[in-house]
Structure formats: C-alpha cells, structure tokens
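Same chain, two partners: chain A is paired with chain B first, then with chain C.
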Partner chain A sequence: MDCVATGGNVKVLAKAVHSLSRIGEDLYLEPLDDGLTLRTVNSSRSAFACFLLSPLFFQKFHVSHGRGFRCKMPIKSVQAVFRSLSSLERTVEKCHIELNSEKSRLTFTLHCKHGLLKTHNLSFQDCESLQAVFDKERCANVLQAQPRLLVDTVLHFPPSLEEVKASVTADRLLLKNHVENDADQAKAMRTELCLSSEEFLHFSVSAPTSITFCLKELRVSDGVLVFAESTDLPVSMHFDEPGSPVVLSVTDSVLEANFVLATLSEDSHCNHDNGHKKRPRTPPPADDFMCDDMDSYLIAMETSEMAGPSSRTEPRSSSEREQEEEQRPHSKKFCSFFFGSVLPTSSQTANQTLQNQDVLASDSEDEQ
Partner chain B sequence: MPLSTRSQDGDEGCVLAAALDNVRNLSNILKAISFKDHAVFTATRDGLKVTVEDSKCLQANAFIQTDVFQEFALREESVGFQVNLTVLLDCLAIFGCSSAPGVSTALRMCYNGYGYPLTLYLEEGGVVTVCKINTQEPEEPIDFDFCSTNVTNKVILQSESLKEAFSELDMTSEVLQITMSPSQPFFRLSTFGNSGNAHYDYPKDSDMMELFQCTKTQTNRYKMSLLKSSTKALALSCKASVRTDSRGFLSLQYLVRSDDGQICFVEYYCCPDEEVDEE
Partner chain C sequence: MWCELLQVNFFDEYQMEGLSPEANEICLEVAPENISRALKTAQNAKAVKVKLTKKHCPCLTLSAELPSLSSISRVVTHDIPVEVIPRRLWHEFKEPTVPDFDVSIYLPPLKTMKNVVDRMKNLSNILVLEANLGGEMNLKIETDLVSVTTHFKDLGNPPWGDSASQSRSQSWDPEAMAHARVDVRKLQQFLIGQQINPSKAMCNIVHNRIVHLILLQEDMSLQYFIPAVA
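Right, the complex of A and B next:
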C-alpha cells in the first residue's frame, strides 16, 4: 500500500485516529480497493468504530499487496505520529503512508513546513479483519442531526451517569438517565431531555422503541461527533429494537465513519428480538441490571473465511456462547458481545453483514 | 527598585551581593536545570554560573550575566558554594508563582563566604521574607573538556522546530540518536521505541537552520533519560546550538531571552552512550 494525503485531509486522518483511540487499544488497518479502512473495538467489545477513507480522499492511493492484507498495531503508536492536532494543521503539508510487508513496517512520513521530515516506522502484527455485524439499511429508525445537537444533549447528563435510555416516538426523541431499581429511584437524580423531530435534519421512526446504552460509549463517540463537527457533516443515528446496536455515522463523498454501540436488551422486549438472538435464555432477575447479564449488550462480530451474500448471522447454540463467556477475562456489568472477526473478500465493503462460517471462540487477537 | 532590596544592614560582610527587581526569570532558568537537587553556584565578574550534574554524564550550566542583575557586587575573584536547588526554588516562589502583570517579587541575595548560609531577601508588595539556606562544600564540577577547536559538527536552529521534535519524541526509546552530516540526512534525530523507530530530518537549507557547519558524518547515541532534562531549557529558549566534538560529546546551548529582552544561556554537555556502527 502506498498512499498520500495532503493538506486538510491529513488533519482529517489524524482526527480519525484520535477518535478511534478513544475507543480501542489497537488500530486495525486494512487497505481495500475501495479505500483504506481503520477500525477499532473497545476492550469490553461494546463499542466498535470504523473509518473508510476512499481512494479519492488521498492524492495518491495504490494498493499493491495481494488481496486480504491487513494488520494491527497499538493505536498509541499511530497517535504518536499525529501527536498535536493543532500544530499538525500549521506544520504538516503532506502525509505519506507506505506499507512494507517484507520488513513488516508501516511508514508514516510527514512532510512539514521548513523542510522538516518526520518519518515513523511502525511495526505491526498480521491479524484477521475486524468487523462488527450491523446493517444500517435494515434499521427501522433513522435520525439525522447536526453534531452540535447531540454534543449539547450529552452535556446535560452528569459525568458519573452510566446508562442513558433513548425513546423515540413518531415525532420526538426522549433521553433520560437509566435508573436501576426502585430503591435508587427515590434518591436518584433524574435527567430527562426531549428533542422534537423538528430539531433533526431527518427524523424517521417506523418502530417506536426505547434503547438503553452506555453513556460513556456515547461520550467516547464524541470522537465521531467532534469529527463530524469539524468536518461540518451531519451525524446519522440508525437503530432498531433494544439489543441490536445503535450506529452513529458520518458520511461524505470521500469518507465514511461508523460508530457502533451495543444497547441493552430488555426482557420486556425479548419478543421483539430479531434473528440475532433466537436462542432461549434465562431471564435475569427483574429490574436487576446489576447482574452480569451477558446478553444485555450485544454487538455481533463474526468470522468468515468465505464471503457470502449479505445475510443475518446464524444463531449459535447457547453452550457455545457460554463457553465464550467463560473465556472472557472480565465481564463488565451488563455488557456482552458476540465477537469474532471477518475475512471478507476485498470486493465487500465494510458494512456488509457476512454469512459466518465458524465463529471463533474469541477475537482475532489470539490468532497470530 | 523597592527600598527593601537596597543595601541591608550587614551587607558589609558580603563577598557576594546581587539584586534583581523581578525574580521570575531567574526562577524559570533555575527551574529548567533543577533535574537534581544540588547545584554549584560560581560567581565571577561575568556573572553567575549555576551547575547541575547527573550521573557524571550530563552537566547543565545556566549563565546569568552581570547585566541581568540590578546590582552585582563581588569582593573576590570568584566565589563558589553549593546549595540545595529545590529549597532555593521554593524560597524564590515563597510569594507564589503568580505571573500577573504588575506583581513581581524582588530579590536581594547575599553570601558572606565559606561556612555562611546564602541569605535571600524577598520582597513583594512591601512584605519582606528573609530566607537563609545552608550552603554545602562545593563539589568540583566535571570538566567535559569540550573545546571549540575539536568541534566537528555544529548547527544552530530556531528552537521552535526543535521544541516540536522534542515534545513528540518517543520516550519509550532508551536513546536519542543524533546524526550530523555534510550530506543527507544533514541533521537527524532518531528514536527506537516499542512501537518502531522515528526519524526527524532537518535539511540544511531549512528556514529554521541558522547555521550549518558539518564537516564529517557523525552518529552518536545519548541516553534519553539524560537529554529529557534539557527539554525544559529548550522550552524557554529561542535559539539552540547543537555541537558534537571529535569524541562524540554533545553540547547543547540554548539562548533564553526574557520578557525584558535580557539574554541568558543554558548549556548542556552530554557523554555519548556507546559506539554505533554507522549503517
């Protein structure tokens, strides 16, 4: 791979890396014919983010490697290349990214003002592709707004707050903090915020619903909001029923960013569950979200050696799931995920749902 | 000048008496070299030199010229003493480190000679604090024998560009490698960290390069932990001179211009880490 970004696009690239760094520890980089993808997932697998920078984003974009080359590296080391966003704009004129698979080196060369040349040779590891299973097109509800609206909305919630519940009806979005049980309810401070559909650029709710997700993750995705704001692009929010992920995305002609956050699946909504979660499961104690309910947050991620037509993931047996859950190093309070990785053919774009073959017991990090 | 910092009783016995209207610039410079507790002060007719050393491999010298002081009286050819620099800095900041305009701490510094404490009279807004810091036997500073006739390579850069590089240096790298050469890559800073290596190349015709005198290609490594302490002085400076001699010893000189236009120098000497095979 050999590509060159110039001028303002270097800053966009840097911002993409910085916003990804707020989510995950590793950056998964995959050059495809239709652009360069940068992806990451958080340690509890409840948030995933992906940037696709199209060939037109770059002044020069050339993928010379055989299909299916991909690598990962600590995101911190890439962040170090773009350490100061403010000085970047002033000083960097051109950024050259070159992949040398023989030496296992990813080279970032920044051509700066005054002829200063900064070269970073980063080592990387081979890895499988990382892809969350989500399908924006199938989501029943789509909201689109200027990022400032969402940034301002999030600001109203106290920093200590963990979960926020978003309810949509045909003409409004109601956000409130998620209160865990009756005992707390008397003491807890409640914050409710109602946004009328007029505030949005686009407001299409075909299935009124309530979803609950980690506010922290939404804050993390400030990355995408700030990113959207700086590029002056609206943010779209795609979501379905509880349990299926909410997708925040920013798209323009040369790039696409998707931030996928897991949502809490509630028992009352079990009957709404889609094909992801057909398997039977034991309901957690009512209203007790303190329990380690593995199903409550779900981002399905999968592995596939073969690319198939876009289709839903086949549900796995519950024993497989339990096995996977046991192997998880630590289970964060009501966050739970399917996780795997995908090996798509290069013709497939980042967001396509793939037919899975064997779902790996854990993510691709163990595969090297 | 505030009255209180003028001649005090008992000044007669001073072998060194120096006064400053505003202690801030002195504080800043001393802070920049306060990577070790002990500092040797040497006063000569030219001014005050403050020396701090680390691991017998790094020496920092701050030069505060006589002109910087409103008063600088020396009774002997040269006066030397050692004090705890951290304590001295605490005393200088005894009225707080406010940088608000119009608020300044004035200093009068007296030393009565061997065995006497260093006495500081600090005044701000009519309040005077007297601090006495015990002095220590001055240790003989290391002579790095860095002689300008042995200098093989020398560059002078505007600090701005060097600051950026130093602020971005990969601190997981144990060494900073400096390459100076009459041909490509001219002046290169390299690090070798956990995530890979990084090079910063300055071409000799860069606007940032004020002087480029390299006669021979030289690549030397210096301990990052040692050079890191020089970044504080770099941050204060406006120009930097980087020199290496035939043995690979490094001299960094920073020109610090204070708000009122006065000039001080901070200089670092550093031993090379090890022999490097040139690639």
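Right, the complex of A and C next:
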C-alpha cells in the first residue's frame, strides 16, 4: 500500500487519528478499494469508530490487490507521528504512508517545509478485520445537527457522567442523565435537556423511543464531536430501538466517519431477528453493572479470522468460540454492535443478572 | 462562611412559605458543586426558575430557558437533591455574631492579595495576617530558610461606630498589630472564590484568635471566618 495526503488533509488525517485515540488503544488500518479505513474499538467493546478516507482524499492512493493487507498498531505510535496539530498545519506539506512488507513496517513520512523529512517506521501486527455490524440506512430514527448544538448539549452534563438517555418524540429530543445505581439514586443530581426538532438540520423519528448509551466516548474523548466541529461538518445520529447501537456519523465527499455506540437493551426489546447480526451477551458476574470493564455493554466480536495474538485478552476471544451461542438475556443489558462471533459468555446466574437489572428496570419504568 | 443575598435584587418572582407563619424559614442542605454546576450551565439563560420540589427525594429544581437556534427555547432542568433540616437544628445555622475584634481594616485589592497568598502558599502552610488601626496590614510567612513579608499601607480602617463589638478595639493601641496565624490554604480558598468585586471588603482580627473577612455589595454580604492556629 502506498498513499499520499497533502495540504489540509494531513491535518484531517491527524485529527482522525486523535479522535480514534480517545476510544481505543489500537488502530486497525486497512486499505480497501473504497479507500483507507482506520478503525478502533474500546476495551469494553461498547464503542467502535471507523474512518473511511476515500481515494479522492489522497493525492495518490495505491493499494496492491491480492491478499488484503491489514494491520493494527498501538494508536499512541501513530499519534506520535501526528503530534502537535497546529504545527502540522504550518509545516507539513505532505504525508506519505507506505508499507514496507519485507521489514514489516509501515512508514509514515512527513514532508515538511525547507525540505525537512520526518520518517516514522512503525511496526504493526497482523490482525483480524475489525468490523462492527451496523446499518445506518435501516435505522428508524435519524437526526442531524450542526456539531455546535451537540457540543453545547453535552456541556450541560457533568464530566463524570457515564450514561445518558435520549428520548425522541416527533418534535423533541430529550436528554437525561441515567442514574442506575441504587446508592446513587438519592444523591445524584439529575439533569434534563430538551431540544426542539427545529434546532436540527434534519429530524426524522418513526416512533417515539428512548435509548441509553454511554456518553463517555463522546466526550472524554470528544472524539466525534470535536472532529466534526473542527471540520465544520454536520453530525447525524442514527438509532433504532433500545439495544440497537446508535451511530453518529460525519460525512463529506471524501471521508466518512462513523462512531458506533452500544445502547442499553431492554428485556422485551431485545430482538434477535437480525440473525447473526445481533447477539446479546449476558454480562459476566460483576457488581457494578455499568462499569466500563464489564462486558455487559458489549459489542460482540465477530471476526472473520481470529488470530490468536491479535485478539484481546479475554479468554472468550479464542477462535473456536466463533459459533454464536444463543444466550437469551435474562433482562436488560446492553446489546451492542457486533464485530463478529458472539463471544460466548461465561455463565451468569439468573439471579445475578436479575439483581443487576433490577436497578435498571426501575429507571426505565419511570420514563414516559 | 456566611453569605446573604437579598432576594429582591435577584428574583423577579419570589414565593416562599416557610415552616409556619412564626417560623417562616426553610433550611436546606445541598452539595455546593451541584448548584454551581447547574448554574454554570444556565449562564446564558434567558430565564431561570428555582423551585423546591419532591422527586425521588426533596430537590431544588432549577430550570433554565436557554437561547436556541430556533424559536423554541432549549430548556435544561436540573434536579438537585437536598436535605431539609429540621427545625430543632436551625439554631446551628444562624448567622455568626460579629466577634469582638481588636482591629478592623479594609482589605487591599483582593486580586493583589490573592497573588501574594498564592506565592506564599508554596513556601509555608501557616501565614500570619496582621493589621493595625493605622491602616497598615502585613502578610507574613516564616520558615527555617526564609521569611517573607508583604506590607500594605494606607488601607483605612472602617468606622464601626459605638457598639458592643467596639469595646476591645477601643482599648487597642492604634499602632500595635493585631495578628493571627492562619492556615494559608484557607485564606487562599477565600481569595480564589472571589468572582465579585465587592464594594467593601474588610477584615476584623481578634488577636491570636480569629480572622473575620467581610465582603459587602449592595445586594449581598459574605462573611468568612478563619480560626487562628497555634
């Protein structure tokens, strides 16, 4: 693979990398005919992000055919190439990314002013193809807004806020912080923000619904929001019923960024009729249902080939577990978007899950 | 710290019903960071309403109408949990009386004071605040290695007139410095919080006992008591 980005696009590329770095620790890079994809997933598998940079984004884009090359590398090393966004703009004229297959290195060369060349040779690992299964087009609800609106909205919620519940009706979007822990119920401050549909560029709701998802990836990261704001592109939000992932996407003619977040599913809503596409995972035994380490808020990993070393540390990711096991959720939990085989869950006693979910149950019942 | 806000200067509408006509007060305990955060988000609001409500627990519900991109305002509502303090404990929350001080002096510009105290904090945990009735105030720190004193002059002394609290200061030698050793962080906390420009800022010192800081504005008063340390 061999591609060159020039001018302002180098900064966009850098921003994409920084945006991804807020979510996951590894950058999965795969050049396709459609363009260069940069993807990552967070450790709890509840957030996934993918940037697709079309060939038109690049001055030169050459992908060797044959066995598709793909790799992953620690995102910090790629960030090191693109450090200091402001100086990038001023000094870097072009960025050349080239695969050196003999040495197994991906070479990033920054051509800067005054003939200065900065070359970074990054080693990479082979890996499976990381792809979340989601279909924006089939989502029942689509909202689109200027990024400023979402940034302003997020500001109303405390920085420590994990989950937010978004409820839509035909003409309103209501955002509330989601308090699930019994102990916190009494003490927690509740915030609710109501936005009228008129503030959006596009507001199409097929039926009133509420979804709950983790705000952390949007803001601790400010991944998608900051990216959108800096590129001044509208952000669209695609979602369905609870349990279905919510997709935030930013698109222009040469790039497409999708941030896919898992949403809390409800018992009755957890439908599996999308076949292999959706597999709920029963959460492993744990006290804090909402803690990030928990697999309850999960994206099932459906990977085409599971290479041993590239899979994450969870024992479940071993390749023989690719079969989907029908694990009916006992009650609510976060269904997520899936990358692949549903990792079979460790057995979770019904009691435990019910206990955890009791907490959730009371919340969702309260909402209108 | 004791702060009083005259409601008439802040609110267009104010309705309150206390415990009973004789005890027409309500006493609530609330986490300040919650209110602070709620108010911050309402900074640009067109209007803010504060109500005492009962949700999952007693709450101060703050709702703000915010400017929006459309004709319909954005409304943000914060439910801040509060604890209602029972009548029998109200006596614990009365305005502290002005202590019988030895010296009362106007403070130097708070910003200047803050700069000085910030730097002193790096050197020592204890700061000596002293002042006399001749309008002079010193901030001092002393460690094994270094001692630093900042002198302020011509600050002026507020005229308290004849009242019981004057008895001590009347017998105080005008040239003598009344001083108190205080924890520098407490003084710093007071100075950090100052976002307002008070019309009057003064300091009463009870020698070796208390530093009593008072900020006055036309619609608000704020008092801060720092006990002296040994």
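In this section, the second predicted complex is superposed on the first by the 258 of 368 C-alpha atoms of A that agree within 3 Å, B and C clash if a C-alpha of one lies under 4 Å from a C-alpha of the other, contacts with A are read in each partner's own complex, and residues count from 1 in each chain.
Rule of thumb we're sticking to: a contact is a pair of C-beta atoms (placed from the backbone, for glycine too) under 8 Å apart; a residue touches a chain by one contact, two chains touch by 3 or more.
It should be emphasised that the depicted structure is a prediction, and the values quoted were computed from it without experimental measurement.
Q: One more residue to check, A:D33. First (chain B), second (chain C), both or neither?
A: neither
Q: Is A:M73 touching anything from chain B or chain C once the two structures are fitted on A? First, second, both or neither.
A: first
Q: Which holds for A:C194: it touches chain B only (first), chain C only (second), both, or neither?
A: Second partner only.
Q: Per the contact definition in the header, classify A:P158: touching chain B only (first), chain C only (second), both, or neither.
A: Once the two structures are laid over each other on A, A:P158 reaches chain C alone.
Q: Identify the partner contact of A:D126: answer first if only chain B is touched, second if only chain C is, both if each is, neither if none is.
A: The answer is neither, since A:D126 touches no partner chain.
Q: Who does A:S87 touch here: chain B (first), chain C (second), both, or neither?
A: first
Q: Under the definition above, what is the set of chain A residues touching chain B in their complex?
A: Touch residues, chain A against chain B: 73-74, 76-77, 80, 83-84, 87, 91, 105-106, 114-123.
Q: Mind pulling up the chain C residues that touch chain A in the complex?
A: Against chain A, the touching part of chain C is residues 31, 34, 37-38, 41, 55-57, 59, 68-72, 74-81.
Q: Given the complex with chain A, which residues does chain B contribute to the contact?
A: Against chain A, the touching part of chain B is residues 161, 164-165, 167-168, 170, 193-203, 205-208.
Q: Mind pulling up the chain A residues that touch chain C in the complex?
A: Residue positions touching the partner: 146, 149, 155-156, 158, 185-196, 198-199.
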